[in-house]
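Every chain is named by a letter (A, B, C and D) in the order it is written, and numbering of its residues begins at 1.
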Amino acid sequence: MSVKPPVEIIPETFSYVFSPYREPIAHVAQGQRVIIHCEDAFESRILSTGDLPSRSLADAKFLNPQTGPIYIEGAEPGDVLAVSIEEIEPTRDFAVSCLIPFFGGLTSTSLTRTLQPPLAEKVWVWRLAQGRLVNDELGLSLPWQPFMGTLAVAPDLEAITALSPGPFGGNMDVPDVCPGNTIYLPVWNQGALFYTGDTHARQGQGELCGVALEITSKVTVVFSVLKGRQISWPRIESGDRIMTVGSARPMEDAARIAYAELVGWLVGDYGWHPADAYQLLTQAGGLYVGNMVDTTYSLVASIEKAYLGRSRANT
Amino acid sequence: MSVKPPVEIIPETFSYVFSPYREPIAHVAQGQRVIIHCEDAFESRILSTGDLPSRSLADAKFLNPQTGPIYIEGAEPGDVLAVSIEEIEPTRDFAVSCLIPFFGGLTSTSLTRTLQPPLAEKVWVWRLAQGRLVNDELGLSLPWQPFMGTLAVAPDLEAITALSPGPFGGNMDVPDVCPGNTIYLPVWNQGALFYTGDTHARQGQGELCGVALEITSKVTVVFSVLKGRQISWPRIESGDRIMTVGSARPMEDAARIAYAELVGWLVGDYGWHPADAYQLLTQAGGLYVGNMVDTTYSLVASIEKAYLGRSRANT
Amino acid sequence: MSVKPPVEIIPETFSYVFSPYREPIAHVAQGQRVIIHCEDAFESRILSTGDLPSRSLADAKFLNPQTGPIYIEGAEPGDVLAVSIEEIEPTRDFAVSCLIPFFGGLTSTSLTRTLQPPLAEKVWVWRLAQGRLVNDELGLSLPWQPFMGTLAVAPDLEAITALSPGPFGGNMDVPDVCPGNTIYLPVWNQGALFYTGDTHARQGQGELCGVALEITSKVTVVFSVLKGRQISWPRIESGDRIMTVGSARPMEDAARIAYAELVGWLVGDYGWHPADAYQLLTQAGGLYVGNMVDTTYSLVASIEKAYLGRSRANT
Amino acid sequence: MSVKPPVEIIPETFSYVFSPYREPIAHVAQGQRVIIHCEDAFESRILSTGDLPSRSLADAKFLNPQTGPIYIEGAEPGDVLAVSIEEIEPTRDFAVSCLIPFFGGLTSTSLTRTLQPPLAEKVWVWRLAQGRLVNDELGLSLPWQPFMGTLAVAPDLEAITALSPGPFGGNMDVPDVCPGNTIYLPVWNQGALFYTGDTHARQGQGELCGVALEITSKVTVVFSVLKGRQISWPRIESGDRIMTVGSARPMEDAARIAYAELVGWLVGDYGWHPADAYQLLTQAGGLYVGNMVDTTYSLVASIEKAYLGRSRANT
């Protein structure tokens, strides 16, 4: 869509909150191809198997540095921001994962408290080689399937830690936030105030230990602004599916949000009766866990476009 | 594997509990092909769009009739029962779904109580035609992808309603309990005491409204008993994946059970170190919602066999 | 109320399930004073600080032995059983508590799974002395405030482990199930089929480590049967309050059940409009945690009788 | 303690977030008696039974206006702020409560989504008369037991909606935040940046319908700063009990936080071994629900000081 030369955004400092209180680091136009440089979730403090989190992260007051906010021209409160993700290019030749004390899906945490000691720390380094991720210690090679763990707009009045997912997007850790897909977010501030970071070379559903294959990267996106639309939670569109993301605890609340929003999408844009949308999603909907480790859990509900009939155009 | 002629089991009465207190309705040998006739979840009380649940189910003291228990020769407490599902054949030419007051994923229920009135009832009838499910009112045609909503062994000492999933299997409503796959269940009683029913022509992930495409059917299975193995929760094996099912509330507890059991499977049968299994599942595991509507929620964790390396044989 | 001589029930064996499938161990009349002998939750396997659970309970296939079922003459399905608790008398001069691996409120458990090792085991023995409980090691003396941890009727068709609370009562671990109070339970079987056990010398709210001050005892109760009443969950009446118990996971579902049932009680027996009952309970209701450790959590909602106005008689 | 004349703080505008990004509206010294004027949660938009929320709140972009931030001299990051509450004086002669669509404990909400319509709206007005709250329509008179629904310091880097409770205090809706008690909060910012509001004439445990007896008021507090102490969540001290507040979803996580923090308090300040603290709280701890309606649920764990033995001084 864009014929202008791409704009490249290289941050000098990072944000650890999705905040309406920070000055934009860049202004971009709709339709403009934008290349955004991102740090990894640990701000490159963990680079080898010896960089145990309790030491390497000891001086890190905050984690998950975000590039932003980016001001999108023409975005106003009440609009919808569409983010078309074109490409994620790694900027180093390896990814890291690790076990962090009291963080992850199979350990007690600061929110699910017990009196037990933490699991032992460990760091894994995976090489990027010929389009795959290779861990020699494990003898494993996995496909390169990158996505942005974090992608957000600034909330309304609030400034929320970059570790949180929410209605504003944020740290959803949802693998469908990937090249080829378009993400829709509500807009609460002039210019939308977009943030992204926490790129992952790949991740399983749930992000079980809490740390995916973390990379530094350049992500290429194109923004557009939808006027006269109203959404409450993030939406994702791929070639053949539409998806909604709900983030909440307990996990069933995230599931309910995701599916209720998907019912609303079918009703609002495709003319379905709510009960019939409920029936279709019962028989053909998808529902997977994006993350089971963050401040709230993110679940993704989806349906194939082929089943939806006449659609209201999204752009 | 079996060369004996198949045994056919046509129940005269049904069980509404997974119970060690009922007499077996049949004894079958390992390796024997067994054809089991199943009622639908409503015992055929809902057959047309006019059969609203509040009337049609008014005289039903219990729902979800099960065929069983079936006594498997040689199964003893402490063993594992393997159920290879070969085929599910419908025994009528339509499937039904419906909205039942205070039951389902997007309504308050008897467990998640509110003071709001229930959603309006509705029945949908889907024709089986040329390997698809067709609803003329909705203008939809969906693929035939049948599975057993309910499949269980009798628990230890308890008798549990056929509406519940649990360590014994039960009403998991997990689409991977389907032809081509093998289900592994713990054995607590002599003969294992197998039950099944609640067959579905298909279902989306989550079984959103609580009622899949319910069918009557004949299911063909072959049982075998694994001695000297010990499992705590149901496991599923397909051609290319191994899966574990956790059932609990809140949903994150089901997710933790499923993934912790999968870590245990990798450790026990594939020789992985727990931390490395945790890492592999973080980067490549699958985690979807089977049901978000039953007495406990069922989540399915999985991993491709291709990543597991040398395997201990399962049979 | 009763003028007949009391009946004493000394069980020869115990039940580890609340089950409609067991023969009554005694038949009693309404209005009869009944003295029931109860084992402690560990069937007296833990008697000193050296009796660590991993050893002492190693040969215990089941825990929480119940005395029952007791058949109450005249109780029929659809009735309400009222149990007036008159007295709990200890039958030994000490109580025990302990830490059991992977059981309790501040540890991962079989339902809330992690990969962490369990907390260290420990046993505490508390002496009964002059109406108080004394632990010399801790230098503590606490008041004697005994109650029945477990009190149930047999469910409908199901047999449920004695470790579970539910609509049938069961292992609620609610300190208000104590002398002076009356407990109301739904009746699903002829004779109601009453079970009790798991008496506690006292317990804090939540039963935090999972094990209260466990005692053997004789409990004195009087049964009566209310015809033409219908309840769905246990109710408790003290001199000045009415209370409802909801048991579910997550805990907010237990809270919703308890308060929704209390709204129903005010509507049904005291003539309140649901919205006004909702308002009264908002401003004056009580809500405490009975247990946060059992298979489901039990919460107790309550309101002072003084606020309820004209009452329908309960007996 | 204070001999200086009291300082009175009358806000010109309010804050709808607990934010480190706002300029202090006042600076106060430790030991100074401070009188803070507070709006009610609806900013006085609901004053009579005809002021239905859907109309009266239609122009309210945000709710729960807070007075603050107040800068406390000498408070630095890492300190503990102690807030001694001396008095809450109403500034009008009535309190209001209401049913707000999709808000409350017995309705589906924006987080626990269903497809059901909301409950009907309703407003209740309660007169303050002779130290009691009187509702003529209901024929009820309840005691005046005022407390601050909201009391907070600014979080670290984040700005959080005034509708949320959390480690910073916030919208806990805990009746023990009342005159006579001292609240301890972690300090993350220079001057602590204190906020308060949402005063309640009284409230039941759970704040069932989501709206207590909302009043405008003047609250009198005295601040002090504890150096060299470190706490993670709010603590409360009354004449005879110490209490901790955990806020999370699901509710069991709030319970775990509250009790784990109380174990930590006993270990840190009273020299208890963690296992023994766990035992004491099991047998004698209190655990009630403050709110079951806010963005996270707040539970209060407590123990009588009489059981704690030698204490480290708190001031």
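By our rule, a contact is a pair of C-beta atoms (placed from the backbone, for glycine too) under 8 Å apart; a residue touches a chain by one contact, two chains touch by 3 or more.
Keep in mind the model is a prediction, meaning the values are calculated, not measured.
Asker: Trace the shortest sequence of touching chains from chain A to chain C and report its length in steps.
Answerer: So the least number of steps between the two chains is 1.
Asker: Determine which of the two chain pairs, B-D or B-C, is joined by the larger number of C-beta pairs in contact.
Answerer: Here the pair linked by more C-beta pairs in contact is B-C.
Asker: If I average the CA coordinates per chain, which chain comes out farthest from chain B?
Answerer: So the chain farthest away from chain B turns out to be D.
Asker: Just curious, how far off is chain C from chain B if you go by their C-alpha centres, in Å?
Answerer: So the centroids are 33 Å from each other.
Asker: For chain B versus chain D, what separation do you get between their C-alpha means, in angstrom?
Answerer: 47
Asker: Counting only residues that touch at least 2 other chains, which ones in chain C make the list?
Answerer: Within chain C, the residues that touch at least two other chains are 106, 112-115, 119, 249-250, 256, 260, 263, 278.
Asker: Chain contact graph: line, ring, star, complete or other?
Answerer: Topology of the interface graph: complete, with all chain pairs in contact.
Asker: So in the complex, which bits of chain D are touching chain C?
Answerer: 97, 99, 104-106, 119-120, 122, 124, 126, 133, 138-140, 142, 202-213, 249-252, 255-256, 259-260, 263, 275-276, 278-289, 292, 297, 299, 301, 307, 309
Asker: How about chain C: which of its residues touch chain A in the complex?
Answerer: Per the touch definition, chain C meets chain A at residues 106-108, 112-119, 250.
Asker: Along chain A, where are the residues that touch chain D in the complex?
Answerer: Against chain D, chain A makes touches at 16-17, 19, 21, 62, 111-115, 157-161, 248-250, 253, 256-257, 260, 263, 274, 278.
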